[in-house]
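In what follows, subunit A forms one complex with subunit B and a second complex with subunit C.
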Partner chain A sequence: MTSPGVVGRLWANLKMVIAGSTLRSKEIRFAFFLVLPALLIVGGMYIYPSILTIIFSFSDVDFATLSIRELVGFENYRRLLAEPSFRAVIWRSLYFAFVIVFVTISLAFWIALLLNQKFAGRGIIRTTILLPWAIPPVVAGVLWGQIFHAEAGFLNAIIYQLNLGSGNYAWMADTTIALHVIMMAEIWRFLPFVTLFVLAGIQNIPNSLYDAANMDGASKWNQFRRITFPLTMPVLLPVTVVQLTWAMKSFDTIFVLTGGAEGTRILNYLVYMEAFRYFSLGPASAAAYILLLLKIAAVLIFVLLQRRFIKGGIAK
Partner chain B sequence: MKKIDRRKFLKYSAYAGVGGAAFLYLPSFLLTGCGPADEPEVTPEQLNLLLGSHLDFMHPWLEDFEELHGVTPNLSEITTEDLRDRLSSAFAARSSPWDAVFTSAEVIAPMGAQGWLKDLTERVEGSHLASGDKTLVELAAKSGHYFDQVVGVPIHIGCPIMLWNKKLMEERDLDPEAPSLWHEQRNSYDTFLEYAKQMTFERNGENYYGFIDNWAGDGVLWTYRAMVQMHGGDLITEDEQPLMNSEPCIEALEKMVDMLHTHKCIDPASMTYTWVFDCAPSFLGGRRGVFITWPFLIGVAEGEDSDIQGHVGFAPNFSVDTSAHADGSEFMSIPVFAEHEETAWKWIEMVTSYEYQKKMGETTGWFPIYEEVLTEPTVAENNPAAPVVMQSYQYPANNYITENFGRWVDILVDQVHRALNQQETPRDALNEAARRIEEALG
Partner chain C sequence: MIGKKLRKLTFYLQAILVFIIVAFPIYTVLLTSLQYDHDIRTRDISFIPSYITFDHYLTVLQPGHIVPVLDATINSFLVSIGAAALVIVVAVPAAYGMARNRLPGGGKILYALSAVYVIPVALFMIPLFVIFVGAGLNDTRFALIILYTAFLTPFIIWVMKAFVEATPEEVEQAAKLDGCNHIQLFTRIYLPVMRPGIAAAFLYAFVLSWVEFFTPLIFTAELNILTVALGLYRGTIDIQIGQLSAAAVIAMLPVVLLTVFFASRITKVMTGAETK
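Showing the complex of A and B:
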């Protein structure tokens, strides 16, 4: 017989509440009563707008009255996907998110491995590394903007001082560079969070495994490949998923650094433009759901890949 | 004493919270339900104002308003950049915390199209603005319309004009007074270009450029739309439809691309500058020759902290077929959700009166909406650019208040930037702009 699962347990609890005679059921009823405000808030804040948005995505919406003029089926989706500039935004969003995730995870792993070593001042460094996480994204955007500023930028000053060039490069004028500067700013911002999680994952690995590996003569690289990396996967999986969704909904850094200029606009920014610059709630809702579908697909791919990797890593 | 455990504490707290909420909420709910349905809501006379943070010269006027009408205005401020989002989020909720709001051309059209701004046509027609007693600057008289409705009353006019660094011109053996006549001389753009090239050089590790502008974001359109009109073109047709790929549009963009990539006489950082203050440091530092910008910068350039103090020239823009400018007038509007329309109108009447327009001209860097005030000696003394602005308005200076302004402007900006980044030729970029706009607007 299989276990009842979450839904089954919830249903059983609900039946107990309805029956409501024992002391246990009274407690459960009271617990539901306490949770109710949170449920109402979540319902109001997320579920209702989510349902409304999906309806809007199939409609021609009058923004002024927030009313539906007519249902248009998949027309909003069709028009968006038929537009080459929109498809370019989709590819850019995917590139943006995957590069950020890959680079952040790689760097975080490396930093976490270093921070896991014993050395003087480790505590201070562990605290200091959190700083980018504490800085508001808008402030971080301004800081990165200053670094790459053409006239008074820190980077240009270094180039000039080191005689590497005239130091008069308009970095952000090139949209390809501008996009990657935004990505750097996002990586810098996410890095502390991911590093802390990976560090926690590394510290949870029993030392006995490394002792056994040493006795078997395993090299450091093999210890990393066969022990550290696979056993950190249970932490990496949720962190990757969270970071992927964060990266795909980046907004403030783009807003501050380029104002969503052509070539640096990702899907989340486009949703904002459709809704609040053009008052086109139908296409904005459709774009939001396309973004959601992309996120779900990307997360599923990550989950499948990592599960396979964990199994493979441990089995070998 | 009876002990209270944690569970009991939580339980009684929850009961108390729910009971308290019910106690506070239910009576008001019942009263609302039982009250006379048709009784009009009595709202005492108030004035909730939303002004641009740059309109701080109006702060003393609030006291004047209180003295005049016995109402203390409640002031909120906002930057022009945030105006659209702030208004649209409030109006989308079908409410307005403000009775009178400052608006720009960018905001008037989309807000007018949504029906969120009151039609002030009758009020304007019955007011001093239409009495003919004083002459409105022609463009100000046309501005603030959304098709046949007046949805915004101009509070000041203004357009970017040409500023130049006389000291740098002298150093490069150029006539520093010549640019003041360029607006009258057909094809003086070519002379401007020669000047700009001459002023582009390197000295002691510092780069000097003949021209600087803010071409990032939609900042690029200020100069681009002036350039299109200089070529005898326009960005919209007579029936207010966007027209992106006419020959004047293409020629204007080709000139801008050439400035950046062929002649290399514009500061390349211009592509990253979104507004006047990004460009100002290098212009005020004496390292840039010509700057098409807002006239208020003349005052800053003549200030003590400027390296070009006493060496600033200003005039209407250079010419191709004609000189031309991009209008940047601003307005006051009344949201349809405003609760105190009458008081809001009184405010608009006050700030657009001859007296207050003159006060603005005599004490600030902003330009009054009446020709008579612009030509007042006291105004010209305070603001020497006033006659130049007046002169600039003799040339084409459209402000493109059309439906779907935001969407076509964004598409145009994307495509202009693609051309400036040499990702497409100007012709291809503008053809694509026309296609995308047609597709988007149906």
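Showing the complex of A and C:
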């Protein structure tokens, strides 16, 4: 397939706009005029600065003036990747993102299946499930911090009141637990979005399939395995990709809950620290591009896995 | 018969469990904000309160309080409404222009714009920060509005494009036969069709702007343009848990109310059920 690519298309449009005199090109000119503000605002705010940082990642940069002192080639990348602590952050980011995606999707599936049935009080649960979406991350930080508070948090109170222990465990002092508390907070935050999409996928499945399965006497579990799950896959793919990229860029929750303490940092947080605490823009840009590559790799893995899954599911 | 009842029972147990998972964390802040600190900072918390006090709310709403809740809320409103309005102004025409290949290659351009969701935020924040400081735009509401707008635009274009494309092409042809020119086609035929989507997109943009944390963290240092999402954090260090929770409830109240109020609409638009 020969595709001229985005730039080529844009250029072709531009030429048509310039040369335009026929009715169709008048229409195109109008359409271009409508699209232009969006192009300018998104391109200017994001695309141009992103290109600038590519150059930064290969340079020694002066923060105050944004000027490049000298080009250093792959030095920034090499230095980062040589550090064991940086590699640990990479592995942690992958673990963080994949676990969040897996748990969120499983929970979302469960909730969506419940919501897909008619029952008294469905409206209440439907509304409640949207709420985490509207809670500012700082408030989420306050509430999870309160639940896992060392002396008298809600979790400790529950443990104490149910006689399960003394209930004075310092949860957040343990970085492994703290990391998982952050993951939990993120899962809770993503749940509304993912549930809605899974629900949409389930509702798109024609009822006639289930009627046929019921006539054949298929069990509920088999109906889920052979109809619901494989047929929701087309919706799941974009949702997992979106969520994966979200999880990889978690920041607020970490910032509020642990302040990015060692052991709870993921790569995105590290980029922030390099750039806005140490003001070393070269390494920060390099780390950000490593993060981008990591994201692309993770997304590709998911796409390939799910392709195989969809084929397998339907072939059975 | 018993089997059916048992199934119903397990079903409701699951529903209750979902409710608890989602609602309990929110309930804890609410509870904390309505109790005196010595009744919260104890292992004998009564999860069903025996009294309610609004003292914390009265304290944090007083002028000159360490967390400027009232001012920050007003700032959040101004910034969120500004961003949501600007997104609509930019994204709605763009969605129309990109839909149905009106602009050749429009779909591809939209994919390119959506790349902002994959690129790590810090990548563009680093140069933007320096550029904004240089232009004196730092610590202004305008900076936040323009940044939010840029980030929300591609997504809102996706949402709005679905509305345009759900309109049967016959409608368009009929309008053209009636002598509609291409500008009237947009303003008279498609804008009305997009109206429910515009409302939902506005709401969506408003909520996302309201909860945004990273951008104000980087781009605002002055207290006078603090948004609530950030203001709370700045307060977390020196303030008692009850007051902090009261401030937190105030910070989330507007968006929670909006969400509850428009729950079914949000669900429909997000899942594409509205356009069918």
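In this text, the second predicted complex is superposed on the first by the 297 of 316 C-alpha atoms of A that agree within 3 Å, B and C clash if a C-alpha of one lies under 4 Å from a C-alpha of the other, contacts with A are read in each partner's own complex, and residues count from 1 in each chain.
Convention: contacts are C-beta pairs under 8 Å (C-beta built on N, C-alpha and C of every residue); 3 or more make two chains touch, one makes a residue touch a chain.
Predicted model only: the values in this text are computed from it and were never measured.
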| item | value |
| --- | --- |
| Touching partner for A:127 - first (subunit B), second (subunit C), both, neither | second |
| Which of subunit B and subunit C A:292 touches, first, second, both or neither | second |
| Contacts of A:151 with subunit B and subunit C, given as first, second, both or neither | both |
| Partner chain(s) touched by A:142 [first = subunit B, second = subunit C, both, neither] | second |
| Touching partner for A:160 - first (subunit B), second (subunit C), both, neither | both |
| Larger contact residue set on subunit A - subunit B or subunit C | C |
| Touched partner set for A:211, first subunit B, second subunit C, both or neither | neither |
| Subunit B versus subunit C as contact partner of A:196, first or second or both or neither | second |
| On subunit A, the residue positions that both subunit B and subunit C contact, one per complex | 30, 33-34, 63-66, 151-152, 160, 167-168, 276 |
| Contacting residues of subunit A [partner subunit C, same complex] | 5-6, 9-10, 12-13, 16, 26-28, 30-35, 37-39, 41-47, 49-50, 52-53, 56, 63-66, 107, 110-111, 114, 117, 119, 121, 124-144, 146-147, 151-152, 154, 156-157, 160-161, 167-168, 188, 191, 193, 196-197, 199-200, 203, 242, 245, 249, 251-252, 255-256, 268, 271-272, 275-276, 281, 284-285, 288-289, 291-292, 295-296, 299 |
| Footprint of subunit A on subunit B - complex, ascending | 10-11, 14, 84-85, 88-89, 91-92, 94, 110, 114-116, 202, 205, 207, 216-217, 267-272, 274, 281-282, 404, 406-407, 410, 413-415, 417-418, 421, 436, 439 |
| Contact footprint of subunit B on subunit A as seen in their complex | 30, 33-34, 63-66, 79, 83, 85, 149-152, 160, 166-168, 170-175, 258-259, 261-263, 273, 276-280 |
| Contacting residues of subunit C [partner subunit A, same complex] | 11-12, 14-15, 18-19, 21-23, 25-26, 28-29, 32, 40-45, 89-91, 93-94, 96-98, 102-106, 108-109, 111-113, 115-131, 134, 146-147, 149-151, 153-154, 157, 182-183, 186, 207, 210-211, 213-214, 217-218, 228-230, 232-233, 236, 241, 244-245, 248, 251-252, 255-256, 258-260, 263-264, 266-267, 270-273 |
